[in-house]
Amino acid sequence: MSLTALLPILALLSSLLAAVVIFALPESSHRLRTLVNLLAAVLKLGIVAAMTWGVFRGVDFSVSFSMLPGVSFMLRADALAMLFAGLSAVLWLLTTIYAVGYLEDSPNRSRFFGFFSLCVASTMGIALAGNLFTFFLFYEMLTLSTYPLVVHRGTARALQAGRNYIIYTLGGGVVLLLGIAWLHGLAGDLAFRETGHFQSVDPALHGQLTLVFVLLVAGLGVKAGMFPVHGWLPQAMVAPAPVSALLHAVAVVKAGAFGIVRVVYDIFGIDFAYRQGLLEPLAWLAAFTVLYGSLRALWQLDLKRRLAFSTISQVSYIILGVTLFGPLGTVGGLVHLLHQGIMKITLFFCAGNYAETLGVHRVDELDGAGARMPATSIAFTAAALGMIGVPPLAGFVTKWTLGAGALAAQMEWVVLVLLLSSLLNAAYFLPIVYRLWFLPVAAPWPEERRWGRLETNAWLFWPPLVTMLLLVLVGLLAPTAFSPLSWAQLIAVRMYLP
Amino acid sequence: MSPDLLYALAGVGLCGIGLAGFLLLDHLLRRLLAFNLLGSGVFLVLVGLAQHRGGPDPVPQALVLTGIVVAIAATALAIVLIRRYFHLTGRTSLADAGDGQS
Amino acid sequence: MRRLLVLVSLAACTALTIALALAVLVAAESAVVSELPQQLAASLGRSGVEHPTTAVLLNFRSYDTLLEIGVLVIAGMSGISLASTRSLEDPALRSSDVLLYALQRWFVPLMLLLAAYLLWAGSHRPGGAFQAGAVLAATGVLMRLGGLPMAFIRPGVLLRLGLVLGFAVFLLVAIASALAGEAFLAYPPGMAGGLILAIETVLTLSIGMILLALFVAAPVSAEHEPEEGGGS
Amino acid sequence: MAGLLFTPLAWAALSLLLDFRRGRWLSWLGMLIQVLVSLSLWFAVAGGGGFFYALAGWEAPLGIALRVDGLAVSFVLLTAAVATACGVHAGVYLDPGKSWQRYFWPLFWFLWAGLNGVWLGADLFNLYVGLELISLAAVGLVALGGEAAALRAALRYLFAALLGSLAYLLGVALLYGQFGTLSLTGIAGVVGATEPAAALALLLMLAGLALKTALFPLHGWLPPAHGIAKSPVSALLSGLVVKASFYIAARLWLELGDRLGSQLLAQGLGALGAAAVLWGSWRAFRQPYLKQVVAYSSVAQIGYLFLLFPLTYAVAEPVSRLAQQGITLQVISHALAKAAMFLAAGNLILSVRSKRVDALGGVSHFLPFSLFSFGLAGVSLMGMPPTGGFAAKWLLLQASLASGQWWWIAVLLLGGVLAAAYVFRIYRASFLEDSVSDDFYHPPKTLEAIPMILALLALGLGLVAEPVLSVLALPFEVAAGVTAVQP
């Protein structure tokens, strides 16, 4: 087997095997488990970096074999795949470090890290899937492997949240399966292709294809947290902070959004979707979700719930970008996939730090935390400003590109939505920042813990700082050759110029 | 109508009676007897119908012999089970007491 | 409700009976000619026995018979698995009728003789292992009711050996013929007659023993096994 | 070659003479040999195609022939895998101190022999004897130990099985009366398009086999019998035994259904299967006892099998093939997954010392391995990728779409969701951490490993479905060298 076929498999196996090893290790061997975790994460990062370099130079990494009559299992690394794979490889390493610190002295760590690795393996599979069938395979695997993470604490509330999570996502999976099976019946096994498959298709099939499109987007929309099927997301906040971070920034919601990107561009083709008028309703729905999520976030007092509603809003930016016909909209959507991930994971890391170090869970308990935990609070502030879209941070790049895309696609109302949403972002993030830095400590911290010299456990201290650095860099260096923005442009060019 | 066909039709009748007994009787031994009646009916159909076709035919006779042995084995096992069941519970029917969980 | 159910069942049974009767008539009318009887007549000479039914049972379709004996063995051992040794000594099950005891002394040897005859007759006229085994079992039942001691029927290695003997010999012949290069169960040429007689003899013993064991297997066992995982 | 498949009978006879512990050693040796023989037979057929094997040297219709084709040897191999797993598990799981356990091994081997006999059988009457062999051995296994509840379940099972067998035999009698042969291929060769008597015979046989397969609404006997038996026995019964009668029904249908069946019969059987999926899953969701959940899940999973009838009747050849492949995968994956699930359930019950679902609280912490096996098997039952259950569902979905029978799609999708409901109910119970009990028993490692292996096989089946299916579709020919020598 050649190296080009081997690398995608290795990228998958690095975390799959880690999961197996971790499950096999006894609960008490914490050091070994941490070592395995970190080694696997670093290895995966290396593999993904090598593949990214290869894709940039035009190497075709792909492997496939026939799984069922007429259906093949196919892994293929294209530019879009590497965008998502790179994001998850980087953030997995950071989240693993964070989770090791976060779960220190808690029970069931073997189970946690095992499923955690499975979860990342699924994400990697989703990124590298070469056709819809393979995508679905890993998409469902992700559903199953995140369930134990959501209910990890085993409380009645966690189980309730897990139940809702599973009802929503399995329901979405069924709709998605129906769509995929139907499409397979109509058109056979479709590999993802930058220009889609239906530029010229028998008009008699248009009706059925439209229905299939609706099924696919509806099924994927559940994980992407689109209105009205977003209900599971805020509840899933009972999960431990690293899980929330991963769920929101990389794994679950992004899998949904990424799936929609794949379906629109690589299956139907943006031309077909545009000509059939499929984009416009999706744009309205996404715009509504953007505003709805932000509005709901305003009223949440629980910090993690506020972040959750913010996620609902932010992920729909990606979908909004997809629906803007034209390269600029595409670039905006794709780059937000990455930028939002970095910003949101920073916020969740910080929220976790406040909870673990000070016992603070609510927004109104955060008064004066900036003095007690300056580094965490700086990271939080930077990410919040990024979310609002303050230049030159990551969020600004996204919103600017999206706005330009909206104008190019002659959908001026989208610019209005973007402005309004930014105002709302400011309205729910700035008060927190204000409380952190400018209000005095009102009451003693609910449950304070101290770790030596640093403001918190070292495992928890560094990850948010690193992600903060990233989010500043991707904004500042956006015009350079290797920034996410340039990469998204590379992808968009391939999509629009067959 | 040949006598062989008459055997087969008698077998059909026995099948009907046996089936009705099997469905309607609660007492375990009676159900078992109904099963035997049903079995006899089937064997009669097997032999009678084949015999009507081409005179005495050793194949169905051998089949019926095998069938009888199997039926006897099943009957004997059923009786052992029924006896022990009766011994342990004092019941003669399966009519319900819970859903089978102790 | 119950009455309705009864009526419905009766109606269904009647309908099925009528349909079945019609089917029998139709099948009898439209019977297809088959070459099976000719084949059978032509092969009978090579089967090692003269009586066609025995030939079918122990040669042409001997596989059926092998499995059938397997079914009997299963029933027999399931039966004794539920029994316990103690019950055999239960005096309540023993009759002490004087007449029965006297008749038994006449009947038992006679029945044993009859069994032997049936076994021997099987090769050329109606008869055979099962009939002989049934008579043997009946003899045992009579002896048991009469209170004659039969130590071999107690659950133990002897009983189990007896149960499985006929089956084991039959199987041994079958496997040996398969290993010798013939098909499974194919008797070597010329030995068919002798082998069939030998098989029938041990089968008779085992069938008698199984039926007797099933008769004797009494449902007394005080031992109680806790279910998996204990009480629920 | 095929003769070696009858060695289970020899193991049965030998193990009857030994006690439980010695029987265990003999049986473990026997299992090893059986697995090797089954594998080599499988490879032989995969390499050289299928053939008829005439027993006792007499060709059908005078003698009995075995039909050794790709499907049959695949099921022989499946039986070897699942039965070996259950046998090894049972050897550790059952208490050797009980005097009746010695009868486990002979019954187990007879069951195995009967299953092999059915997979390879091509003679209608011989299939009847094989079915009875299986039924009586299974009833004996359920009744082993002789508790009142077990006896009750065993009696219900026995009566249902006997009635089903007689209905089947009545059909055989009618067919023999009309066609004068017992060989299935022989009958298929002469049967015409309108044969009312033969059609009734087929109906009777299918009804009897449906009863033995526990098709809704004839499923009442299954949950008590499978729920009350010891876990390794339940695994055998649910994984393999119910498939035997279905296998015969499927073979009858595929040989004779196009002429003797009708659209009404096909759709009716499909509808009953659909009802079984929905009702069985719902009942599984409501059961208070762990093994009853698994048993009702079998009722539901068996329902899918009956979609074979509508999806192969009066449809195009490729569609029919898709459906057959889907059903075959469903049989195999359900056998593996359900056996894994019952064995894992047995371990869980051992561990918490209770059969109730709500006693599982906190067990996820002590027994993640068995729970994980249970979960993986559940994933296959739900039909989630990449398991064998998913591959089966996918093929059936494609067959439904291609034949325009879209109503089965709803059943397939809804059935998956309902399966998720009852499987996740178990997870939910075991993840709950508020129970005070810390008193869990740790079963031996062997017990934990076996269900995991089976569950992984069910999982992997989806990935290698294509090569597996290609063996099933092997050409069938009478190879010259293997036909029997006339004595």
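To keep things simple, chains are lettered A, B, C and D as they appear, and every chain counts its residues starting from 1.
The criterion applied here is as follows: a contact is a pair of C-beta atoms (placed from the backbone, for glycine too) under 8 Å apart; a residue touches a chain by one contact, two chains touch by 3 or more.
This structure is a prediction, so every number in the text was calculated from the model and none was measured.
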(message) Please identify the chain lying most centrally, where each chain is represented by the average of its Cα atoms.
(response) D
(request) With centres defined as the mean of C-alpha atoms, identify the chain lying farthest from chain D. (result) A
(request) Using mean C-alpha positions as chain centres, tell me how far chain C is from chain D in Å, no decimals. (result) 28
(request) Could you tell me the distance, in whole angstrom, between the mean C-alpha positions of chain A and chain C? (result) 70
(request) Can you check how far apart chain B and chain C are, centre to centre, with Cα atoms defining each centre and the answer in Å? (result) 16
(message) Give the residues of chain C touching no fewer than two other chains, as numbers and ranges.
(response) 20, 24, 27-28, 31, 33-34, 36, 40, 61, 64, 68, 71, 74-75, 78, 82, 219, 221, 227, 232
(request) Return the residues of chain D touching two or more other chains; collapse runs of consecutive numbers into ranges. (result) 125, 129, 132, 136, 139-140, 143, 146-147, 170, 174, 177-178, 180, 289, 355
(message) Quick check: what residues of chain A touch more than one other chain, meaning two or more?
(response) none
(message) Once you draw an edge for every pair of touching chains, what topology comes out, line, ring, star, complete or other?
(response) other
(request) Using the contact rule from the top, write out all pairs of chains that touch. (result) A-D, B-C, B-D, C-D
(message) Which residues of chain C touch chain B once you look at their complex with the stated criterion?
(response) 6, 9-10, 13-14, 16-17, 20-21, 24-25, 27-28, 31, 33-34, 36-37, 40, 52-53, 55-57, 61, 64-65, 68-69, 71-72, 74-76, 78-79, 82-83, 128, 130, 211, 214-215, 217-221, 227, 232
(message) For a test of understanding, state which residues of chain C touch chain D in their complex under the given definition.
(response) 19-20, 22-24, 26-28, 30-34, 36, 39-40, 43, 46, 59-64, 66-68, 70-71, 73-75, 77-78, 80-82, 157, 160-161, 163-164, 167-168, 171, 174-175, 178-179, 181-189, 192, 219, 221, 223-225, 227-232
(request) Would you mind writing out the residues of chain A in touch with chain D in their complex? (result) 23, 66-71, 73, 107-108, 110-111, 136-137, 140-141, 143-144, 147-148, 151, 153-156, 158-159, 162-163, 166, 170-171, 173-174, 177-178, 181-182, 184-185
(request) Going by the contact rule at the top, pick out the chain D residues touching chain B in the complex. (result) 125, 128-129, 132, 135-136, 139-140, 143, 146-149, 151-156, 158-159, 162-163, 166, 169-170, 172-174, 176-178, 180, 182, 223-224, 227-228, 289, 292, 355
(request) Note which residues of chain D are touching chain C in the complex, please. (result) 2-4, 6-7, 9-10, 12-13, 16-17, 53-58, 61-64, 95, 98-100, 103, 106-107, 110, 113-114, 117, 125-126, 129-130, 132-133, 136-137, 139-140, 143-147, 170, 174, 177-181, 190, 195-198, 200-201, 230-231, 289, 346, 349-350, 352-356, 484-487
